[in-house]
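Listed next: structures, encoded as structure tokens.
Across the two complexes that follow, chain A remains constant while its partner is chain B and subsequently chain C.
Let's turn to the complex of A and B:
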């Protein structure tokens, strides 16, 4: 069997997998789109492979990569069975990403297809973007594959970390990247340690750098030459995506970021070619919170609520060092970057996080306290219930606040403040909110 | 353990030479079905990246992937940092200069994308369209020739 025959045989195998795909229960609403897209891609590959010479190394090498990538995509989706992840969260994620990441090519089929799957361990959170222009890329719609850690698949409170990954998705859209670069990245890195390769190398190797950094450098035999333009750009992109996560998911992003990253890197001083030290990321987020004023509880005067929020922010900011070596971005730079990002996100419906009103937070926290899934339901018993839209990010924020604050009801039969219980309530609240939104959309509902 | 290991190749030059050659053929013989028309969408996508100088061959690693100093980014796996897409970017710029002179890049990309959109939709048949289509075809001929010169 020659290489070309083998590639065409593999195309047949992929077709079989695609055929089986339709008989399974995938995320509601997207399976047909996805099947159509993959079938088209397979046919394109067949047509492009057909005329090549059986053993011509350049196209064989190219198409072996292409066929393999299609096979991997089909395999990933084969495993994205509905029910194996939090689908209310997945639907919210899709609703955020879809309008933000549309391609503008003057042709139909602008929306990405967003697929979700749960696999891998604690660090599996990521997004596959189809962003590699060195591949064939003859397709109609881009497919974004969002990956949850399998064991954390229903942990919606932690899934707020996906704000960061959506930042990467936005960065992959040229039109958005241009704006993000000019209005966010440039002000953010106009000066300071991360403004140039030279400055970054000097910062890491500075005599005043913390002992923990020196240990990391010694342990991995790291030399300043390892930090090149690519590494610096990657670090800058990561910091931008952290800011993106904060402005899209709000305080819940900070809480998820802290819980997950401080578990993976408890010292906070490790770094790699892709990510800067965690302490630096935290310092930037801490400064951003100061600028946004969220920790001052904007618009909230109720003592009970202020006390609950105080406990949340105390927990979140206790380890943030907005000073010294980790603190690489000055407030004026950050302010400009936040304003730029707010302007970009504000142009897309529903993407920017809006800090909830006192009434809204109070309502959601009270439902959590009573062990009721938090959502915009009307529990007053009124004959004509007043159903409200509650943003899922408010539910996540309230979930984290509830986790941080001291219990006010001590009866354990009513109140069980374990993290998993709060999380479960929040997930169910999001599910019920979707039902409320569907009812409110119906013209005859009058709600 | 994998069966074989090798450095990842930068295929961008091969990819776009192949696609532009095929596109040039289809400017004269318009594609008969949706599948062949998608070729033009791919080129419209490339032009969008050219317009904003936003070339990439990198999927970011996960936000929690514990990396250590010296671990290599996906970007540096190919033929070397910074070299990816240089040939493609330069070929697009050379083709632009050859066919459109010093016309602004935004205008050139918008013009080419509008022609490609017509081809994807299967519309555009009057004389003005034919002239514009010929100009767009010349762009892709020039693009392909420059890429071929880099072999």
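Let's turn to the complex of A and C:
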């Protein structure tokens, strides 16, 4: 069998897998768009492979890569069963990502295909992007694959970390990248340790750097030359995406960020080609919270709520050092960057996190406190139930606050508020909120 | 024991002694009951799961082969997550365990009784057997749906198919006296332990297999 025959054989195999895909039970909306796109791509590849010489190494090598990539895309759908991740959350994420990532490829206004799947690992959260736009333009639509950690299925509070991943997705879209670069990245890194490779090397090897950093440098035989332009750009992108996460998911992002990253890097001083030290990210987020004023509980006077929020912010900000070596972004830089990002996100429906009203937060927290899934339901038994839109990020925020605060109601029929249980209540609340939204959208069906 | 009227139900809800959440419309409240909606998970028996229901595999005191018993219990059901605006077909003779969309919380002095809504019952849909909800219960309610008709029934999450009526107990159940149901606080249907407390009536535990050699 020559290489060309083998490639065509593999195309047949992919065709079979695509056929099998239709018999499976995938997420709401089915896999129709994904299936259609992959089928089209397969046809294009077949047509392109047909005229090549059987053993011509260059096209064989090129198309073996393309066929392999198609095989991987087809395989990923196998991990996309609705029972493997929290679909109420996934649907919210899809609704958030879709308008943001809408872009022009061949046909103006074509939205990307967003596929959601589950994989193993605590830090499986990510978005696979098709980055090679020249190649994608041969095809039709860009495929975004959102990956949830399989075992954290119900931990919707941790899923707030997706704000960071959406940032990476936005960064890969030329239209958004250009604005993010000019309005966020530029002010953020206009000066300071991360403004240039030279400054970054000097900062990392500074005599005043913490002992833990020196240990990391010694342990991995790290030399300043390792920090090149690509590494610096990756670090800058990470910080930008953290800011993106904070402004899209609100305080829940900060809590998820802390829970996940401090678990994988408890000391906070590790760094690599892709990530700057965690402490610098925390410092920037801490400074951003100061700027946004969220920890001052805007507009909230109720003592119960203030106390609960105090406990939340105390827990979140206790290890943040907004001074000294980890503090790489100055306030004026950060405020300009936040304003820029708020302007970009504000242009896309629903993407920017809006701090909830005191009344809303109190209502959601009270439901959690009583062990009831939090949503915009009316519990009063009124003749005409008053249904409200509650943003899922408010539910996540309230969930994290509930986790941090001491219970004020003792109801022995309500289970201890374990983290897992709070997550399940929030997930259930998000599901119920979808039902509320459906009825509000089509009131004639519910009234 | 007396049944609660719509006015009683509203009064008990207003101070949140009684919770049925979310109530999506005025129509959901009957004169002496509250309608319950289909949730988003369907548990059905797997066609290739187990040959029959054997209480013995639930008997934790008969731990001859814990893995085998666990496997049998786990293999019994197939789980389907059905998002809104999609359907699940309930075939004639089929049993499906389905959660209500609503979260229900009962106080110390109320008991709930769940039945099918009459309009659905006329289509052959039966909300089977286990209809009593005890005081202090909280969580979703599992509906045991069976299609007693001759043709399949298409079910969509959110449809009102069941109803719950509430009855006053003559004496409130203090929490200290309550043995919370094995299903209290659950978020989706699960199979119960059908032999719990009745182990005395089960055959003596099987002897563990002898090791080779």
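Just so it is clear, the second predicted complex is superposed on the first by the 430 of 447 C-alpha atoms of A that agree within 3 Å, B and C clash if a C-alpha of one lies under 4 Å from a C-alpha of the other, contacts with A are read in each partner's own complex, and residues count from 1 in each chain.
FYI, a contact is a pair of C-beta atoms (placed from the backbone, for glycine too) under 8 Å apart; a residue touches a chain by one contact, two chains touch by 3 or more.
Keep in mind that what you see is a predicted model, and the values were worked out from it rather than measured.
With chain A as the common reference for superposition, the partners chain B and chain C occupy compatible, non-clashing space. Of the two partner chains placed by the overlay, only chain C lies in contact with A:372; chain B stays clear of it.
Legend: residue contacts after superposition of the two complexes on their common chain; A:99 is shown touching neither chain B nor chain C.
Look at A:192: by the touch rule set out above, it reaches neither chain B nor chain C. Touch criterion not met for A:315: it reaches neither chain B nor chain C. Contacts of A:87 after superposition: chain C is touched, whereas chain B is not reached.
Of the two partner chains placed around the shared chain by superposition, chain C is the only one that A:431 touches, whereas chain B remains out of contact. Which of chain B and chain C touches more residues of chain A: that partner is B.
Rounded to the nearest 10, the angle at the Cα centre of chain A between the centres of chain B and chain C is 130 degrees. In the overlay built on the shared chain, the residue A:224 is in contact with neither chain B nor chain C. Closest contact between chain B and chain C, by C-alpha atoms in the overlaid model: 28 Å.
Chain A residues in contact with chain B (one complex) as well as with chain C (other complex) do not exist. Partner chain A is touched in their complex by these residues of chain B: 9-12, 14-15, 18-19, 22, 34-36, 38-39, 41-42, 44-46, 48-49, 51-52, 54-73, 75-76, 78, 81-82, 84-85, 88, 113-114, 116-117, 120-121.
Per the touch definition, chain C reaches chain A in the complex via residues 9-14, 16, 18-19, 21-28, 37, 40, 79-81, 83-86, 101, 103, 105, 136, 138, 140, 157-158, 175, 178, 180, 184-185, 187. Per the touch definition, chain A reaches chain C in the complex via residues 25, 27-28, 82-83, 87, 91, 367, 370-373, 375-385, 387, 412-415, 421, 424, 427-428, 431-432, 434-436, 438-439, 446-447.
Taken together, the chain A residues at the contact with chain B in this complex read 40, 43-44, 47-48, 58-59, 61-62, 65, 103-107, 109, 122-129, 131-140, 147, 161, 164-165, 168, 172, 174-175, 177-178, 216-217, 220-222, 226, 228-231, 234, 237-238, 241, 260-261, 264-265, 270-275.
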